[in-house]
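Before any comments, here is the structure.
Letters A, B, C and D mark the chains as written, and numbering starts fresh at 1 in each.
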Amino acid sequence: MNLKNKRISDEDFFKEREEVLVGWPTGKEVDLQEAVDYLKKVPVEKNFAKVLENAKNAGITLAQPRAGVPLIDKHIELLNHLSKEGGADLLPSTIDAYSRLNRYAECQVGIDESIKAGRAMMNGFPAVNHGVKGCREVYESVDKPLQARHGTPDSRLLAEIIHAGGWTSNEGGGISYNVPYAKDVSIEKSLSDWMYCDRLVGFYAEQGIIINREPFGPLTGTLVPPSMAIVTGIIEALLAAEQGVKSITVGFGQCGNLVQDVAAIRALEELTEEYLKEYGYDDVVVTTVFHQWMGGFPEDEAKAFGVISFGSATAALAGATKVIVKTPHEAIGIPTKEANASGIKATKMVLNMLEGQRLPSSKALEAEIEMIKAETKCIMDKTFELGNGDLIVGTVKGFETGVIDIPFAPSKYNAGKIMPARDNNGAVRYFMTGNVPFTKDILDFNKAKLEERAKFEKREISFQMTIDDIFAVGKGKLIGRP
Amino acid sequence: MEKKKIVLGVIGSDCHAVGNKILDYSLTDAGFKVVNIGVLSPQEDFINAALETSAEAIFVSSLYGHGEIDCKGLREKCDEAGLNNILLYVGGNIVVGKQEWKDVEKRFLDMGFDRVYPPGTSAEKGISDLREDLGKRG
Amino acid sequence: MNLKNKRISDEDFFKEREEVLVGWPTGKEVDLQEAVDYLKKVPVEKNFAKVLENAKNAGITLAQPRAGVPLIDKHIELLNHLSKEGGADLLPSTIDAYSRLNRYAECQVGIDESIKAGRAMMNGFPAVNHGVKGCREVYESVDKPLQARHGTPDSRLLAEIIHAGGWTSNEGGGISYNVPYAKDVSIEKSLSDWMYCDRLVGFYAEQGIIINREPFGPLTGTLVPPSMAIVTGIIEALLAAEQGVKSITVGFGQCGNLVQDVAAIRALEELTEEYLKEYGYDDVVVTTVFHQWMGGFPEDEAKAFGVISFGSATAALAGATKVIVKTPHEAIGIPTKEANASGIKATKMVLNMLEGQRLPSSKALEAEIEMIKAETKCIMDKTFELGNGDLIVGTVKGFETGVIDIPFAPSKYNAGKIMPARDNNGAVRYFMTGNVPFTKDILDFNKAKLEERAKFEKREISFQMTIDDIFAVGKGKLIGRP
Amino acid sequence: MEKKKIVLGVIGSDCHAVGNKILDYSLTDAGFKVVNIGVLSPQEDFINAALETSAEAIFVSSLYGHGEIDCKGLREKCDEAGLNNILLYVGGNIVVGKQEWKDVEKRFLDMGFDRVYPPGTSAEKGISDLREDLGKRG
């Protein structure tokens, strides 16, 4: 393979750019120099990177919802509701699923049908179709920083349009927006496309405009063991830094065991900073995001509030820079703006009550942090080795060989050989380790933890445990006991 | 007795893979031969798989909210392809947002689905309905 | 004073009993021997003491709502809704405020008006008016153990009626159901009346029937420092044990700092067991109850869910035997049965997710436990000293001298000289210590903690801080910052 | 100028003491002379205190839900006692449960209260209304 982890040259970038912008007519609206001027006028309180950095320094946790509807005026109404009524600190624009596959013509159908039906027929905001103009209209109508949240393997045109539109953050990455979201996209292709997105942000940084980038930590949202999620975060952070990104938010989706979750956020932050330093990226600001439970939710709204609030408490106790908020409608469908605001309100109440409080350092917490770090290091070392020191090559080979392996992912480029299950305290462990290159100590530890549970439940460790765990939270428990 | 064949997949631009894997496991476990075309599957893939394998039923999942757009015309295309009376089931989170279930069900029944399932339906429910419907046909 | 901490003799008890039972016509319905026979048939799963003991042994936290309406059929409907729809593990019957003052004639007006108006005109279930018959009707119509929850300085007749009615727990105590609830009742009088209630439970115990008793830990629910609450719990536990009570649940109301709250529950449980052992009560089963935030609530229901869920998480992490559940209607009024059930559902979701998880032992937690124990010991020692070894005498004198002092209490027998405020982490500390006999170390510690906050907020430690703290949670924060 | 006198108390069998202490503090701070009869106060105590001190207004708090029963007839008793036109304010959680505020307010206005406050009203709101009402009277 040709792809290497190296800053894209200006020549290559601008050549690629020409192809990208013709992907849809709105591409013509992007004029980089004009965009730089526009972005220079973004005030501090509407710059995603700055708001995150300030929160990190102040030691507080910000709340951000997910939200997006197809039509611009409705989308503005929605975001303002979430900001003013809900009290969101950061605003999203969730992009619809057609855009995520670059099917902009289908988006147009969705927009038209939504206008006709008088209700949203799409699950997000088709930013590319609305163009720079539409994105700026949204940006100018809200009072908080804006970020695109999606799941797009090839988000190059989207990135061009949203950033020129005044949106100062883009979620995603070559692994995290491919493997959980796509079936047929090669890792090499998505890494390459996200290199472009990162380079664009790097370009802006060179013009003095800091735009935030956020790898999608939860991946499939389904029992992803912390170390595997952290590996993808570190890799995407390193790749982004190489392209000149200066503000990176690494993320993790709640697993449900408080100590493990806090340990994961701590390990994620520390390791990302260490790796960035080790590879010579000294001026990157690293912040963290904790996602409230990303798996199947209970249908009952009161129970959903319980899940939401527990996630908020964990985020605060972990000291995450921000928390992504779920809603009481999660199990059923895209929330109304009221339901969405109520999720934010419950979240902020808990964050406010826990402001400044942290899970105290303890032997149990330290041990969990060490275990997560040790697991992560095994995978990272092997990945670098597979790439002969090149992280892109290593990552592609890592997936090929199953050294990196995301449970329940739809991608055919993912080995799908590891299988997670909860231990007797609800922490997520590796039940089948596939080709993940763990030391014997780590393998033994995972096994012992699961055997403890098996013994307690008087059954064998088996795939049935995993299935039971997948349904457990939806049914009102953390652990899927028989 | 030969195993009955069921085509299983997630329709449209939908990547939700977990339910699909569980349904595959449960249907197989219940004695069916599952032809799983996976996530991100266009209508054509469902039809081709059913034609190739002479399946008795198609299990369509749609989770991400575009189910209404994605499912439109599936029955007609089945008929055109000669899949007469093939059982069409749909489940998941098939519309955008929290809507009155009665209305949703009706819209999908009108589209030609035989069974329409609300969010959180267990695989077992689908399987027992399938047994019943197949039983009726003998 | 004549009152001493000594088991009431049978003679005195039965003499007093005659006076008690004529307090209202329904007193005639109580026949102790018949009641013993009735209670012997209570199955394990409907015996409050047993269900608590089993939960303690299993290490799980049970959820109990508050609830009570004036009419029997509506009350039964309510309790069944909370049990079946809400999933409550233990059932309450909250007694109305007229009954609490023994104004049974006014209760009758309330019952009649409620029938007339077609809606509840009273804030609880008037158990005395409904008599043994009414209480049994309730008991027989539900599937979980029943407890009376009230705030009655003189609950003797109530205790007679509910226990004969099959209710196997009574909340309250001579301090905790006087000082926060009454203005003019002397401590001596309420201690004496609660001696009777405890003796009644002791009498049943001698017949082989274990009835649970629960001191009301939260007191005024308003910034009560942990050690002061724990002192009242220990005293009431010791007094109850002297009368032969064998199952005691000591309680504590959430303050809001996670580490302090967990420390409080741990200290409460350990100290109560130690004191009971020290004074020779070896066969008492001690369990704990954690009350979700007892102060002013936010009006917004989503925020209220946040408060409720955070309290549940604390209860679980502390390992409390049960948690008392608030509702999303708390700030406004007595909840509908639906709102009440939704509070339980949010609570149980969090308890289930945290089942088996505990706040790990840490230096911070141990230090907080030690501080609470040291403060408690100062007050307990002085109380015994004031009473020359007699706890009843000591308690009465303790209140007279302000050695025991409950903030914001309406009772004129309470000194009202201490004033609490939150420190910079939200833990409740003593800001004015009145006559509470703390060592210099403890005084310095409390002061230093509050000065940390004062410095952070750039203002003096003052009553304004306390006021700001009182309103803070209602306004969506824990600490009342300027 | 002499300080205006306000009688303050919590009516009926109600023991909620915290709001009462805060109102006392805030009214005093705002320059009024507060006659605080405290919690658990019958109607008579309010009236006697007002008579004894020639108060301009009575602030009734009711938190525990029995407000409707407890407040009935207070205006009439004030009139009988010769406390003509004395300002009667009531606040707290004055009815049982979450009810439509418009209806609740009307019921208490009909009982003869001059101002009726919903849960969570700040002391400042009561004080500014009081200043306005007293101002009108000169």
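The rule is short, and it goes like this: a contact is a pair of C-beta atoms (placed from the backbone, for glycine too) under 8 Å apart; a residue touches a chain by one contact, two chains touch by 3 or more.
In this text the structure is predicted, and so the values were computed from the model without any measurement.
Trainee: Remove chain A from consideration and name each group of chains that's still held together by touch.
Mentor: B | C, D
Trainee: Taking the mean of the C-alpha atoms as each chain's centre, how many Å separate chain B from chain C?
Mentor: 55
Trainee: Which whole number of Å gives the spacing of the CA centres of chain A and chain B?
Mentor: The mean C-alpha positions of chain A and chain B differ by 30 Å.
Trainee: Counting only residues that touch at least two other chains, what does the list for chain D look like?
Mentor: Where chain D is concerned, no single residue meets two or more other chains.
Trainee: Which positions in chain C touch two or more other chains at once?
Mentor: Touching at least two other chains: none.
Trainee: By the document's touch definition, which label belongs to this structure's chain graph: line, ring, star, complete, or other?
Mentor: If you draw each chain as a dot and join those that touch, you get an open line.
Trainee: Would you mind giving me the full set of chain pairs in touch?
Mentor: All touching pairs, sorted by chain label, are A-B, A-C, C-D.
Trainee: Mind listing the chain A positions that touch chain B in their complex?
Mentor: On the chain A side, the touching residues are 97-98, 100-101, 103, 106, 109-110, 113, 119-123, 151, 180-184, 220, 222, 296, 299, 329, 331-336, 339, 408-410, 463, 467, 470, 474.
Trainee: Once bound in the complex, which stretches of chain A touch chain C?
Mentor: Chain A reaches chain C through residues 256-259, 298, 300-303, 305-310, 312-313, 317, 341-343, 345-350, 352-357, 359-365, 424-426, 473, 476-479.
Trainee: In their complex, what parts of chain B are in touch with chain A?
Mentor: Listed in rising order, the residues of chain B that touch chain A are 12-15, 17-18, 21-22, 25, 38-40, 64-66, 68-69, 93, 95-99, 119-120.
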